[in-house]
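Structures are listed in the sections that come next.
Next come two complexes built around subunit A: one with subunit B, the other with subunit C.
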Partner chain A sequence: MAMARAGSGWGPRARALVRRLRSGDEIAHLVTFLFAGSILLIVGLLLNELWVNSALARHKFGWSFFFTRVWDPVFEQFGALPFIFGTLVTSALALLIAVPVGLGAAIFLAELAPPRISDTLAFLLDLLAAVPSVIYGLIGIFTVVPLLREYVEPFLKATLGFLPLFQGPAYGVGFLAAGVLLAVMIVPFIISVSREVLLAVPREQREAALALGATRWEATWKVVVPFARAGIFGSIFLALARALGETMAVTMVIGNAPQIAASLFAPGYSIAAVIANEFTEATGDLYLHALVELGLVLFLLTFVLNGLARLLILLTARRGGAHA
Partner chain B sequence: MSFRRRWRKSVNAVMLSVTGISALVAVSVLFFILGYLVWHGARALNWDFFTKLPKPVGETGGGMANAIVGSAKLLLLASLVGVPVGLLGGVYLAEFGGRTVSFAVRYATDLLNGVPSIVIGIFAYTMIVLRTKHFSTIAGGLALGVMMIPIAVRSTEEFLRGVPRELREGAMALGASKWKTIATVVAPAAYRGIMTAVLLALARVAGETAPLLFTAFSNRFWSPGWNQPTASLPVMIFTYAIAPYEDWHQQAWAAGLVLLGLVLATSLIARAVLSRGVPMRRS
Partner chain C sequence: MRKILSVLLAGVLLFPLCLAGADALLVNGAGATFPYPIYSKWFDEYHKKFPDIQINYQSIGSGGGIRQVLAGTVDFGATDGPMTDEQLSQAKTKILHFPTVLGAAVPTYNIPGVTGELNFTPEALAGIFLGKITKWSDPAIAGANRGVNLPAADIVVIHRSDGSGTTYIWTDYLCKVSEEWKTRVGKGASPNWPVGLGGKGNEGVTGLVKQTPNSIGYVELIYAVQNNLPYGRVRNSSGTFVKADLASVTAAAAGAAKTMPDDFRVSITDPPGKSAYPIASFTWLLIPSEFQDAKKREVLVGFLRWMLTEGQKHAAPLAYAPLPKEVVDKEMKALAQIR
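Entry: the complex of A and B
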């Protein structure tokens, strides 16, 4: 009552405002706005924390941080090169294995399988994508690593051993193990996004190719896949961003040795793995800041890749929509 | 039949079978993982696992009761952070948002969704652990909560937008204010979809290990209150799997089986809830 009376003293505009406030719309708007705004705040804080807490390392090492191979906490010398190398090698290896399998499976699900089978398989792949990465690591340590050590690596050495990639002792743990595990982990992502973009390709494209006498495979490979090319690249970038940031499975099988080696059998280290292993041991401020700077690098890498991926997927969706 | 024609037909047959085999291989990984965990985990799983504390190093036996409770506490905290921000943020985007602010919020949400989980861990570490000077359940819960936000926001928005216009207009025509329409008509209609989103978000963060390593840390005993380091199932699997003791490996398998069971069961329940009908925009 008091509010209404006060309102009558302020003229009609204030009265309208009070009425709106009492109906609750403005309050609801404000409350939801605050919560939505807090997301912006969190992202801002995240960036700020990464930037501020890496200041010591950024100032001391500058750009040489990225080109130095020495990582020596005792003498406070920090170079990120071995970790960047490990991250890039394992991710590239993962893509090399996962892209053909993922694309093949996506083609099968989108073009060949009857809808019911396609949906069931897609559902199972969604479940596969939900498996926590520490579970992959567990299976990696006790299954993949021994298999590689006993069978795969000796075999590769015997057949392709003339290449520097497949030389040296077979430890089991190392770049190869991490790459294989990462490949298994990113396949579901490649499949689900590629399947979506393939399904978005207009029917007419397929029908025209088939009407011209193309076989089913030719219609798919020469018409449908090129049409969806941008989106497929998008799915690969998304998968790459996942692989770069993947921590647990890699930490458990990569061998944790900060070295740059030509051989895939050699143990290595990745950016995410060194953060996971050494963060709690980081005693000095500089040590901590060097690790946070690695986190910042990881953040920027995935940020750029995710942005590119989304752009490419959007482009494909537009193109499909325009022709439909 | 000319040679060329035969060649094209055989390429067709071979490549199509290759795609089928790829799909089969990809899906069979799921069954391999499930089978392998059940095979190893079921042998190591017993009643003690759920009721006892870990034994000191060198003794066999014991369980992970503290890690199970720890994980539950972390997930509770994560929901307290992630669900309100996710739901109300989603409501804002779907119902109130102006163009510029909505774009910024959507962009930030996508950005957050792509941040590697270990970086979220660093964030929670510098925000809380560095300031309070000790590891805590709160820091771990916050890290997991931040990871829940993007999934919850985007699905809430999507499902609210899926509610048919006619429902809204009906309520407005009866004289309900906007927020009343949302609270009593739109939100209940999108309820199942939003529940699904929350469950899926929970399933995703339940298995996260990296953000907990240096926030919730670990603990071999019960963790009283919210301000102490706490054990959690994923971190226990990690520490036990890389430890050199055979008995710990067995327990890591058991913990892996329990964790995977929980995560997959939650995902399945979420999808079952969803499939029982959400009003979708189809007009």
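Entry: the complex of A and C
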């Protein structure tokens, strides 16, 4: 960029450039620009690899790849629908559980708890966020799944069994187990980031609300939280991205059956899980390309969901008006 | 401070060079995970015997092994299922199969109240995994287990979710005993299962079976032996119910040895022989028939010769069934094809 600006008329411009280079600004600009540019480069390379290495599957199945329910490596019939379904259902379930819990905890920690408790809990949260997913998966297999099978699923069946969501045999493993486990895994992200954002809301905002006669809860819920909305949404997207891409823990509890079922008790499958499970033993070229195309689908899915989420922020910010 | 740092950095950067500097001849291979314990034992023993030879093996899976040996990025590959004709036709130099040891898959189950070993007929196994036999008390199962009080509970089928050689053996067997399985599901490392839940790895299947009442799954024989899992007998082609162990698995290979094709690509599931366990298979090394580098060729031929003789003694302690003598003799002759 510096070069382009120095392009017309040497002499004084060049000297100015040298001066600026010496002061370090231009170098810092260039270096940071390159680092930022590397993000684009990585995304570009990733897309290119996924696109090139899925060519066979794309040509053979076309758009029907998205709507086909069969995944049969033996007879080389590949469709992504059960995996897309599984990924979306488990992630949605995880958000459904994790967002209220995470947001509530973040508000308590940022607004209501004494600083010492808040800081200690924040430290523990960061520990939780660093637990490897295979550990969560093992906890899932040995604790969550038996609990679901023995107590939670029979209870849900007895009380809400008239809904198709809670019917069928209770294996323990399935969409529900994966959703619950994912929720546990992403809650720390939501709490940790939301707490920081809430803490960053200027004091004046709270004081102004209180001065107008708002109660402490009203000040928090009607002023502070809307003010921090963009950051809170950011924490939820981060959590969603993790849920969409989570592999190990999900495959250990989801049951790994590529099917679409109305019941949350039924076993399912997610995109990331099937790639991890089948990639190493995928012998045929078409099979391999179909798996890479699943990667492409996951990429697009994340892209679209993130785009929608950003749109949501824009819309609510415009309507809300309180947003800085 | 800065000096110390730069010395440390240099040390870290140069460390790999020191390791490689021993002038060892390096041969690289990749492939199947199932025989990894015995392969790493062999390569280690061979390195102790010939310190200037180092054979590296990465257990990246059979699919990866086949792809890498086709692409020529490794000197040899390894697989649990033989390469297809189509895959072989993609090879630049002809690729040879060499059986190394034998593995088997066994049915393991968890039925409350049943502690003894169950007998399974081929029809019962195919019916269960096709989802046609849904209760433990079904006559197809109960008929072979007189005196065992089987519950009228629903069977929960557990299979491997990750692509695996064990699944290949299991489905290869079901293809041979059930026409419906052959046309509907077929054989492969990860088929489209008609019913059931998937567990990741032997440990995943075992975990699900142990936890889920009235379930049945299948695991590698080695895994079942090492973890003391209960597993059932399977009826072989001569009508005997056989429990899988090293002797019955080797017997399966001996039964098939007479009809062994010259390229060793043979399935030995459901073999003839009274004492043969029917759900067993070879695992293979994939060796290119031509080497540019004469030294590497010598190393690999030398290793194969050692593996077929002395190396076989290491198999049994690790619970792999050694090759029968007929197969070893045939492989010894085939070594001449490597040029």
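Everything that follows uses one rule, which is that the second predicted complex is superposed on the first by the 252 of 324 C-alpha atoms of A that agree within 3 Å, B and C clash if a C-alpha of one lies under 4 Å from a C-alpha of the other, contacts with A are read in each partner's own complex, and residues count from 1 in each chain.
Criterion: contacts are C-beta pairs under 8 Å (C-beta built on N, C-alpha and C of every residue); 3 or more make two chains touch, one makes a residue touch a chain.
Quick caveat, the model's predicted, so the values are computed rather than measured.
Contacts of A:Gly104 after superposition on the shared chain: subunit B is touched, whereas subunit C is not.
Applying the stated contact rule after C-alpha superposition, one finds that A:Thr32 touches subunit B and leaves subunit C untouched. After overlaying the two complexes on the shared chain, residue contacts for A:Val131 are found with subunit B alone; subunit C is out of touch. When the two structures are aligned on the shared chain, A:Met252 is found in touch with subunit B and with subunit C. Of the two partner chains, both subunit B and subunit C are touched by A:Thr280.
Once chain A of one complex is fitted onto chain A of the other, the partner contacts of A:Ile139 are limited to subunit B, with no touch recorded for subunit C.
Once the two complexes are overlaid on chain A, the subunit A residues touched by subunit B in the first and by subunit C in the second are 141-142, 251-252, 276, 279-280. Residues of subunit A that touch subunit B in their complex: 23-25, 27-29, 31-33, 35-40, 42-43, 45-46, 49-50, 53, 100-105, 107-109, 111-113, 121, 123-128, 130-139, 141-143, 184, 187-188, 191, 215-218, 221, 241, 244-248, 251-252, 272, 275-276, 279-280, 291-292, 295, 298-299, 302-303, 305-306, 310. Chain contact summary for the complex, subunit C toward subunit A: residues 33, 60-64, 66-67, 81, 84, 87, 154, 156, 161-165, 171, 185-193, 196-200, 204, 207-208, 211-212. Within the complex formed with subunit A, the subunit B residues making contact are 8-9, 11-12, 15-16, 18-23, 25-27, 29-30, 33, 36-37, 40, 84-85, 88-89, 91-93, 95-97, 101, 104-105, 108-112, 114-123, 125-127, 130, 146, 149, 153, 177-180, 182, 203-204, 206-210, 213-214, 217, 234, 237-238, 241-242, 249, 252-253, 256, 259-260, 263-264, 267-268, 271. Interface residues of subunit A, counted against subunit C in their complex, comprise 70-75, 77, 141-142, 145-146, 149, 169, 171-173, 251-252, 255-258, 267, 269, 273, 276-283, 288.
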